[in-house]
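Dropping the structures in below, format is structure tokens.
Look at the two complexes coming up: chain A is in both, with chain B in one and chain C in the other.
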Partner chain A sequence: MSELVVEVNNLSRSFGKTKALDCVDFQASRGKVYGLVGANGAGKTTLIKHMLGLMRAKSGTVRIFGEDPVQNPQGVLKHIGYLSEDRDIPDWMSIDELMRYTGAYHSSWDQGYADELLETFTLDPNKKISSLSRGMRAQVALISAISHRPDLLILDEPSSGLDAVVRKDILNAVVRTISEEGRTVIFSSHLLDEVERLSDHVTMIHNGRVTLDSSLELINNSYHYSSIRFENTQTTAPELTDAVIVSGDGRFWSVIHHGSVEPFHDSIENLRGEIVESRNATLEEVFVSRASRRNGSHPIATEVGK
Partner chain B sequence: MKSPSQALAWSTIYLSWPVLLTQIVGAVSIIFLISLSLDPEIDSTESIHIVDFVLIASLVFLYSVVLSKKQRAGNATAGLGFPYTTEFSLPVSTLTLLVVPLLCFCALTQVAIFVPGLIVNLLVLDAEVSVFPISFLVFQYTIIPLMLTWWTQNGLASIAGWLIALILYMNGLLIPEFTRMENSWVLVTESSSSYIVSLFFTAVLILIAYFGVKQQRSGELLLNFGNGRAMLGDTQHLRSWMPLPTPACPTSSAIRAEIWKERQLHGEYNALFGGLAGVAATFTILSIIQFFVPGANIPKFSNVVVLAMGMYVAVCTSLIVTLFGVRYKNGVANVSVHDKTTPLNTAQLTLIRTSVTLGSTLIAGLVMAVSIWFFGPYFINDFAEMRALILEFLQTLSELGIASVTLRVVLILFAFLTGLLLYATFLTWFMLQSKKMSIGLLLISAYIFLVATGLSALFGNLKDSYVLQASVFQSHLWIVIFFIPTSIIIMSRSLLKNGVISAKGTMLLAVMALLVQVLNLTWLFGANNYDVLQLDISAAHLSYLSMQGFLPLLAAIFALWTSDRIRHG
Partner chain C sequence: MNITINTKDGVPIYRQIANQIRYMVASKLLKPGEEISPVRTLALALNVTPNTVVKAYDELAAAGVIFKRRGAGTYISDEQSPLADRERQRIIEARIDTLLAEAHQLDFNAEDLLDLVRERQLQLDAKKQTEKTAAENLDE
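Moving on to the complex of A and B:
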């Protein structure tokens, strides 16, 4: 199998006049956790559906383990564990039946692991799925997605329906274990603190375009937040070197900027300003700044080799 | 919109007009197509009855689509009860909430009957029409079922309400008893007071519905007994209703696991219960008719066959409706992502689903036939005669020889399963509300409508242009003849391109199709059949009969193509 688990090249998709995906490039390699972030309707789920072969690429290409998921759904899907956003599992089955049914498709199914997780979540295998609460349903769906120890785990909004404890401890443990075993995890979320906590790599999608695609480390090191006080009132937003977004009024302004800090500091001095506070920007601040920019925004340099 | 009533009326009409338009154009087109294929010398009474049937069927279509659409827009989970639940929070009185949509539906059904009825009468029949009695009938048939559906969310109370209404109906208290003048739509009632009696009971129904809706608005049930609401909006599984013994899911192979799953969803239990339900419904209807109309000679062999066949079609529909995995969830048709991401290829999935489901329809048929055979004497007057007729038929068959009988049985089986598969596939696209299919159907209907209008403009009355009708029918039959191979080729190419079928799979399908075609031609040109079909049969008709041997292949390819579209968009 190729070292690149997912290769999406120049993928576009429209629904009527709405461009859900616009020339999207996305790659994922082994042993890493990828976070897909974006506002509702940004195109995250559409991208995931293309990866699963649930949508045919009208323009561009999608390769999972080097294969087209539409041409060879059987070959691709048996290596994937998928947790859908609406936890879509057959509710007429019992939990045990679902485990047996899912296990039949995957030679790598680990019944011991499934039983262990069922015990952790205190789920009764004889219970009908239709009788479960939303949270329990999410837990069952998660177990059936991961118990065959998939080479690629795709989680669409995994936190939805999970309580705080499960979300923070168990989901983290599951995701980390899978990536440490050399497998790949792609998950979409609008909870940016969760993405920050779990991901090695972040891809931001806005209006169907990838606006940021980089390792979390690089984002943390290259994006900064600065609070600035100027000597004189600024009637318009001050023009500062490498600023991504500038907000405020009068003498007090907040800036998200990226790249080297020296030219930025020089530009403040030129406008007779001083930095009140400076720190690395949070992922949320980076997300808001990228999402707020007009469509002309472009992805920053991506990490080589990812 | 200046008032809440206007806003309510607008929302009802807005959701209804596309269906109304489709219904009018569709009804006129179907009647025109029937008139093309009928002999012009046919008894005009029969023509009028056909038109009656088409108009009533299309009205039922309109009624069900509009109502279900409104329910999805309103309360997605409740199948019974007042559907406009999202409007409960609007600052309007309950009376307005009830009466405005009611009046809109009444107006809608009047348009739905009179517009196509008058067009057809003008183009084809030229019969006399009495407007008021028909309008009154349509009004009653609209308002009564609506009130009986809306007044309660309680399933048992609703059934009780329908039964009481049935008794009133049988006694002529809900609908006046009309006498129909021959070859016309002129209806006469003996006493005009029967209108007043009907209206009185309708008013009572509206009053009950008003109090029922008022209770529902405050989250209560008018009658608090029984099982509460029936979730008719969602597709239900037999296993959700009763604890049936089932074998454990096999884990040895993916295909065996998938077959197990399909058997749980569409397998032998569904066939058994479906068949028994079909028989029960047949006998119940017969018993009700005998109870309320003791003099009726309805439980005759031919009537029982028609009734049982109708029930069997209903059973088959319920079995095949989810063949492609389309289910209603929260009132919306969709295919579960879990089904779509099953790690099997599309051809395997389709083959497993089709085999299990179509097998179940045959089992259900067998269950119905055997049950009627054994329990028929208790419900059917001339059952002995019916048995004798069947035995006589079997005797005639046995005289034909084993090869001939086998050929016929195989062909009938192929024809039946092909028809069912095509029906299931079209039903699926209908459920998914495919825009392209809707536009296609609308364009075809509009085309037929325009041809009908054009011909009637040329000849005044279509009955006077039989020669032209025959040539129009035959020239259009050629379209169907060329459509079969063309669509097979186009869809096969798409399936090959998308990797749904391999070159080897295509060869296998082609060989099987040729085999069926050889059987079809053997039957068609067999010594006893071609003569029956007459040697002066038209080239178009003969070509169509020859080409129908490829219909099983078309059904198979169409099913695969549909599965591929559903799975991969």
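Moving on to the complex of A and C:
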């Protein structure tokens, strides 16, 4: 199961003066679900476009199933299902026409599966794509991305701009795809709840750099949130061991900390503080803490709230 | 199975699933020998990756709470009693820890707490009794 489906090494990409990707390494192994998170403009879509061969690597390498997607687009793309951020499917076709058109490109196209999904989403195959609502459009785009039963499914913001019902349908179809043995899914999202539910592994991109790349389990277990009460008012953010983000004022402070808890607890005791509440950090808290690290080389950054 | 996932308190999802199944077993909502939802069904119902459900089931199987019949589903283990007792203990201890921590914040000590628990039980019993009498009067 350790077979690598995606291998991105040292990939950099600039648009003018903007560094969209800066020495990015990313790997995906077979059968797992990868959540790609980051603020708008962080570089998620640029990374995805490189994986699809839509952009050529200027420096660094991209290998999908061991092949270069720019050199061998047919060989790579037939194994990939892709849902773009803008769901760019031709407006002038009917749903049925789009299915036949997309199906013609894929020898593994499963019309039965496509029909089943159309029925699940209660979509009328005779409808013109231009007449569809945003949610229906996303559903159609998803069906055309997964009906050839790809080994690798790449979804760029699959649920952005969708209402709760359609989102649930879409995620359900994704879960179904995942549960088919051996399929790999990479999806970008800024809905962290969704990422936490669906992924085995989370990669955070911030300003073109990978700031966190770890299994969800490890993230859950290595980041903690503690709320602390000090005996005396702290005029500046207290210096606590392994703290990533410190916020609060007066005697009450909230801290996101990383790693083992003993040194952290000792540092609180030294400042005559007491832990009021402690728990694992949520993905959202981890995300905020990684995104606000102004410089990756500083092990401890303090960010004072308000 | 009625499982709810909360992504707001930092508890890993597989652990939430495992804990809720343990709870359902300890509280007899799930009975020995009963079949539980297949991985895929539960994954779809909760909209989580099947790998997460697999992880939860593996943990429960290792603890002897459930067992898998090859190709024939997953069931609640028959011999629950010693384990269910330990589980009940664990669940109530977790609640007590929370209560103690909160009591400490509000400046109650363990003795105060015990008194309050007894007093509260008496009040609840009295309330139940009044309701029962009221219902009986209504019946007549």
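The definition used in the following text is that the second predicted complex is superposed on the first by the 284 of 306 C-alpha atoms of A that agree within 3 Å, B and C clash if a C-alpha of one lies under 4 Å from a C-alpha of the other, contacts with A are read in each partner's own complex, and residues count from 1 in each chain.
Please note the rule applied: contacts are C-beta pairs under 8 Å (C-beta built on N, C-alpha and C of every residue); 3 or more make two chains touch, one makes a residue touch a chain.
Bear in mind that the values here come from a model prediction, so they are computed numbers and not experimental data.
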Touching partner for A:K168 - first (chain B), second (chain C), both, neither: second
Touched partner set for A:M55, first chain B, second chain C, both or neither: first
A:D200 touches, of chain B and chain C: first, second, both or neither? second
First, second, both or neither for A:N10, with chain B first and chain C second: neither
First, second, both or neither for A:L283, with chain B first and chain C second: second
Contacts of A:L216 with chain B and chain C, given as first, second, both or neither: second
Touched partner set for A:R100, first chain B, second chain C, both or neither: first
Interfacial residue positions of chain A with respect to chain C in the complex: 31-33, 168, 171-172, 175-176, 178-179, 192-193, 196-200, 216-217, 220-221, 224-225, 276-277, 279-283, 285
In the complex with chain B, residue positions of chain A that touch it: 49, 52-56, 68, 70-74, 77-78, 80, 82, 84, 86, 88-93, 97, 100-101, 103-106, 109, 130
In the complex, chain C residues that touch chain A: 5, 7-14, 39-40, 43-44, 46-52, 101, 105
Residue ranges of chain B in contact with chain A within the complex: 237, 239-240, 248-254, 256-257, 260-261, 264-265, 336-338, 340-346, 348, 498-499, 567-569
